[in-house]
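Here is the structure we will look at, set down as structure tokens.
Think of it as A, B, C, D, E and F in the order they're written, each chain with its own count starting at 1.
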Amino acid sequence: MKLVIGVIKPFKLEDVKEALEAVGVQGMTVTDARGFGRQRGHTEIYRGAEYQVDFTPKIRVEVLAEDDHVEEIVKAFLTSARTQAIGDGKVWVLPVDEVTRIRTGERGHDAL
Amino acid sequence: MDTGDTAFVLVSAALVMFMTPGLALFYGGMVRAKNVLGTLMQSVFALGLVSVLWVLIGYTLAFGPDKGGLIGGLDFLGLRGVGADPNPDLAGTIPHTTFALFQMMFAVITPALITGAFAERMKFSAYALFTAVWLLLVYAPVAHWVWAPGGWIREMGALDFAGGTVVHINAGVAALAAAVIIGRRRGFGKQAVVPHNLTMTLLGTGILWFGWFGFNAGSALGANGLASSAFLATHLGAAAGACGWALYEATRERRPTTLGVASGAVAGLVAITPAAGFVSPLPAIAIGLCAGIVCAVAVRLKFRFGLDDSLDVVGVHLAGGIVGALLTGVFADLAVNGAGADGLLNGGGAALLGKQVVAVGATFAFSLAVSAAILKIVDLTVGLRVSSEEEASGLDLSQHAEVGYAFSESGGAIEREPERDVPAPSPVAAVPVPSDAR
Amino acid sequence: MDTGDTAFVLVSAALVMFMTPGLALFYGGMVRAKNVLGTLMQSVFALGLVSVLWVLIGYTLAFGPDKGGLIGGLDFLGLRGVGADPNPDLAGTIPHTTFALFQMMFAVITPALITGAFAERMKFSAYALFTAVWLLLVYAPVAHWVWAPGGWIREMGALDFAGGTVVHINAGVAALAAAVIIGRRRGFGKQAVVPHNLTMTLLGTGILWFGWFGFNAGSALGANGLASSAFLATHLGAAAGACGWALYEATRERRPTTLGVASGAVAGLVAITPAAGFVSPLPAIAIGLCAGIVCAVAVRLKFRFGLDDSLDVVGVHLAGGIVGALLTGVFADLAVNGAGADGLLNGGGAALLGKQVVAVGATFAFSLAVSAAILKIVDLTVGLRVSSEEEASGLDLSQHAEVGYAFSESGGAIEREPERDVPAPSPVAAVPVPSDAR
Amino acid sequence: MDTGDTAFVLVSAALVMFMTPGLALFYGGMVRAKNVLGTLMQSVFALGLVSVLWVLIGYTLAFGPDKGGLIGGLDFLGLRGVGADPNPDLAGTIPHTTFALFQMMFAVITPALITGAFAERMKFSAYALFTAVWLLLVYAPVAHWVWAPGGWIREMGALDFAGGTVVHINAGVAALAAAVIIGRRRGFGKQAVVPHNLTMTLLGTGILWFGWFGFNAGSALGANGLASSAFLATHLGAAAGACGWALYEATRERRPTTLGVASGAVAGLVAITPAAGFVSPLPAIAIGLCAGIVCAVAVRLKFRFGLDDSLDVVGVHLAGGIVGALLTGVFADLAVNGAGADGLLNGGGAALLGKQVVAVGATFAFSLAVSAAILKIVDLTVGLRVSSEEEASGLDLSQHAEVGYAFSESGGAIEREPERDVPAPSPVAAVPVPSDAR
Amino acid sequence: MKLVIGVIKPFKLEDVKEALEAVGVQGMTVTDARGFGRQRGHTEIYRGAEYQVDFTPKIRVEVLAEDDHVEEIVKAFLTSARTQAIGDGKVWVLPVDEVTRIRTGERGHDAL
Amino acid sequence: MKLVIGVIKPFKLEDVKEALEAVGVQGMTVTDARGFGRQRGHTEIYRGAEYQVDFTPKIRVEVLAEDDHVEEIVKAFLTSARTQAIGDGKVWVLPVDEVTRIRTGERGHDAL
């Protein structure tokens, strides 16, 4: 079992969701995040006081998946979240020991 | 007809109208975010529904020629015969229409006050039906008794300058009935239910305070010394109420709260409403201070009684209304208003106080009985309460298919336009629509 | 000069001024959070820019001595000769300055209404330039035609009590031109664009409704029976409009929405504006109800036509304005206002209705042509639209270098003061500044 | 007594009262979310505390029979003898109570203005104590000097139509003292401190602008040509101020900001306050424009001086107040107000300007000395400043045990009711309370 | 050392917190999240424009724990977060290389 | 490849960002969070109803890094986020299978 985590641009969430559904993903958990990286931030000015904000809004998508499903899911992220512009984000994969569905107590494969 | 008086009462009517959006915000800030729109709607929609009903039938029931001291005749149905000429029995120096529309604003806010008791759980349809029926069966008669020439309470000599009994006690009693009949919210008394936006509640308080000058001073129906002293008493009632509640909290709970100061100001305004045109400044301060403290204690009782009067309509409007009605019998002063009476402390003896008690008792009993009956009938017909799932997801989604706030713009939604797949006839639409996706 | 009339019109002017911040909130709540400040600015800045231009030149173009029924002469340039004495041709019982400033508030809000059509994508500079030119080339002439002595539409006998053609149809037509010329927002029709704060929109609605009493009743230019009946009609138009829109939604989409009730109230107010001083209560209800339903349908057409009139200025102000102008020709009643006329249903035949049609048509054609021309020129000079990147990041950051909300205080920013590295001259600054870090 | 004048001044008083909640929002939006309630409280609570003190003692100190040009006698203690009859020395055509309550609203907002200087770090108790003492020791005397018959500044012939010195310079100087004495916020000049809700600040600006018509035009104490020209000047001052500040930003920092336009409008209103009843429209525009630019520069100096005047009370109210007081001496015009004088540009020579300088200097010196003394004493007694931990967690939690916003309803809290374990006496409570948990 | 992550319904947070404390958990970190899965979303309508929102509010709970403590913690999630209704959420376990307490620099067991 | 996660006090974010940049970190993803632990919460009172809130605001910082870079990064957290007061937070390290940059599809080292 793996956990695929993708950090994407907010307005891409809908496309990513559709792409993931297309490759058979039946669930995901997303959180609002802010990212720092090559992509530059912006400046804010209040009564002449100037602030440099280095973080840009991102969305963090978590998908639990079978090992053999991972490659497909990563590809789905790459194609659906890409805008060719700096700041498109990253996808990374973590190993998972086990997964349980709270409602039924099912474990592993059945929990997804 | 006097232009100064007319200008003042027209502006006062505008101020009272503004109180209803103010009330919407005052209440809206106290509920959870998932119910904010549903709560705002229960005040704002009354501006629509009640205004129309008032013109069609409500006004004539309240202020039409008296029938046995109990109700008005139908002469003013649809405002027939209500025109630019003053009606000397009601207000001699302003157009009759001005009096009618000023009264309309009172009729709008009164049922809106009740909604705080059943916040976060009533069906919108049930709310609308209840409001319409209550206006005609409860508000209109009580308004007639207290304010219309020939109304039995008015004739008895009880004093209610701007609506302590008609508006606040009346609404407070209906709220009591509603809270008991609809029952408690899920998790009441166990789960934390924290106001989602106290800045909204504070803004609402400011608007209510501002509008209340129209409510009370406008009730002088002219721009004169009486209006001025009612204005002053109103402001002092609010100010002292805020101080009273804050004082209670500072001494009993170590910290005065924003919600406490806001609640105290409203409690003071409620209590000064019946007295505004009859008392001088220092008594006005006493009434406000007293109301602030009494109501601060009253709202703390609901948990003891397991009564989910969600936004404390009983604790503020019923308790504060009674305080005001009775203290009017104590502090009323003929020197302030020759049309009034002398209260207990001004050599008037207990006579006035006795009449005030009767007025309060009668309003209490009548409103409780009829309000409860209406609620029961509405429950049996359309049903009062949303389903447990709808309550969990909130009124905004379940009753109105909307959300109050969408700060984070993370798509998560695609449009399902009925017209979506229809070939667009206009050349403009022929141009492919660029999407954020590219 | 009458103090009551003066008091009423001055207060009315204050109320109309307050409508512009109200409109800012009404619009601001409907856009996405990243554009809220840019949207508020497009209304609020008009209070600054338009007011100054109005005093310098706008007023005299609109209300200066008539030149051929088309425009005012320059006698009142910079308000020269506009003083404390009443101008009997314009308003006989109030200072001339009072009339001029009352009119100024109308001039401010009209261009602000247009901004809803190009919300979330216009450059601030383009907005400012367009507003300034439109005020002088479109608003001032039309105001002259309809309201100034000698203005051809006024002389023709068409009725517009408080601005149905001058304000609402005029702005609605300009909005139509703007929405077409600036083009659709990125992702329009595909991506979800949800109002970010409907509580703000509801607050704005409350303020608009409140201020509209000054707009319509104040247009009686005195505190009298006419003002009173206009006040009553205004409130009923709003109330019935809210009910009408809610009714449409409840029957067609199962659920009345908060935004629907707010929109219906505004639609009703728009439609009653030209009629307010000419109709009695029941027709006022009919006009509001009709406007609520018609506009509810109208706003649903924009997707079909692929027209991104972002905040429905066309659907509400143009559609509602036309409904009101025409129904004025139907319900106008000499018994309500001797200076008016009898409409279709009051034995006046189709005469008045015909004039109303001409007034609407002329305003429509003139405003469409000139507004479009101005927009094209602004586009060719400063450019109407922000870049695609700026649109994605939002107007607040791109046009104003600000964000509307910063609820979570997670640093994420360090100060870049120009003075930052300059050795501070004052002893105070010499003291090392403690930082949250320690 | 004139009903029109009375109507106008009563409504003006209501408008001025509304300014204090407006100020609360204007300030509240500029602080961090964790301090929003504490900031709102520091304005709103003044409505309670100051109003009561004003009636008890403040009014008589300010407007009681003159004692040596410095202070009022105690004849009006508790508003004794202040009734429905006009007091010809103060205002001949309105009830004396109307004048007293109109003045009360000025007394409320002035100390509230100061709170912007020590925002986000003062104890609530210290604020309350300071406000009470400052009202009686600083505000009341200065009000007497400038406005009361016999007051030395009034007798000298300096002009202050609606409170440039009494309200704005007075508060601005106290703010300067407060900012220096309480010291800077943690992280000032290093850590980013971003306004948490500029939409709230913009709403506050709209309310302030709206209420300011009552503040300035109401100061004519009647509905007449003077009120009308003061109304016009007020609006133009605000409008030009907004344009001026925006112009400065657009040229110096490439982008006009929402906060800049809001600040400019307030700066213009501050500067036009003393001049409103003495200048014609074009000078009013000049004063506003000038104030907008001067204040935009002034607020940018605080970082250089390391002065944490958190919400720029000095930069806006002190700087703007001085601009207004001096330009009154330049633009004042007997043709506008016979009770005024001719300024530098109207052939009056430097005489008036000289008096204005004296008035400003005297107010500055007196307010600085006494305000500083009061602050020091409060610091030594209850202590001015919250602890470093309380400052980090915010005023809302530390001073009021509340939070401003709770948008995400993620429980995270359980109720600790004192009544929790008490067996509930009522049958209703006997029914087990359903919980969201099941 | 393991990281137990549970995605639950918001109103369950209090119960879950109490259940975790009951089994000896002394700390946790929670974030607001939105979930997509079998549980259906809802519809929103604004001036006739209809939107289907597929994400429902969730809370994401992170608990660092000793290996032998994991089973108990997962059980606590199952019992306290369960409502029997679709959407109760998942619990998954990730391997952790090491943990450090910022305040003291303590590592491993002592860091919890 | 590793994922370093730090939970810190919100006002420390700026310092932590600078410290991480100083040790060569070129990107990070942060989310607002609420923490429960030894640090006590606070009390809220509304019209006499008293609530005990046990969660305090935190910020969760995620940094993807090469294995040999981890120690330095953890140290940077310890020094920059420390206030010596209870509640400073934790830093933990998770193993990562792989990382991909969405924009370019680069993997592993090049994706950072």
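Keep this in mind: a contact is a pair of C-beta atoms (placed from the backbone, for glycine too) under 8 Å apart; a residue touches a chain by one contact, two chains touch by 3 or more.
Bear in mind the structure is a predicted one, so any value in this text is a computation, not a measurement.
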| item | value |
| --- | --- |
| Partition of the remaining chains by touching, absent chain B | one piece |
| Third chains touching both chain E and chain D | A, B, C, F |
| Repeated interface matching A-D, over half of the contact pairs identical, chosen among B-F, D-F or B-E | B-F |
| Copy-to-copy rotation for chain A and chain E - C-alpha atoms, rounded to a multiple of 5° | 120 |
| Distance between the centres, which are taken as Cα means, of chain D and chain C, whole angstrom | 30 |
| Distance between the centres, which are taken as Cα means, of chain E and chain C, whole angstrom | 49 |
| Interchain centroid distance [CA atoms averaged], chain A/chain F, Å | 17 |
| Sequence positions of chain A contacting 2 or more other chains | 11, 14, 17, 30-32, 34, 44-46, 49, 51, 54-55, 94-95 |
| Numbers and ranges of chain C residues touching at least 2 other chains | 2-5, 7-8, 11, 187, 191-192, 194-195, 197, 203, 253, 255, 257, 259, 303, 392, 401-403, 405, 407-415, 417, 436-437 |
| Chain C - residues contacting chain B, complex | 2-5, 7-8, 11, 15, 32-34, 180, 184, 186-192, 194-199, 202-203, 205-207, 209-210, 213-214, 217, 222-229, 231-232, 235-236, 238-243, 246, 253, 255-259, 261-262, 264-265, 280-282, 285, 303-307, 392, 405, 407 |
| Residue ranges of chain F touching chain E (in the complex, touch as defined) | 2, 6-8, 31-38, 54-55, 58, 60, 74, 77-78, 81-95 |
| Residues of chain E that touch chain F when the two form their complex | 1, 3, 17, 26-32, 64, 94-103, 105, 111 |
| Of chain F, residues touching chain D in the complex | 11, 14, 34, 42-46, 49-55 |
| Touch list for chain C against partner chain D, complex | 1-8, 10-11, 13-14, 17-18, 20-22, 24-25, 28, 36-37, 40-41, 44-45, 47-49, 51-52, 55, 78-79, 83-85, 94-95, 97-98, 100-101, 104, 124, 197, 200, 203, 396, 399-409, 411-415, 417, 419-420, 422, 424-426, 428-431, 433-437 |
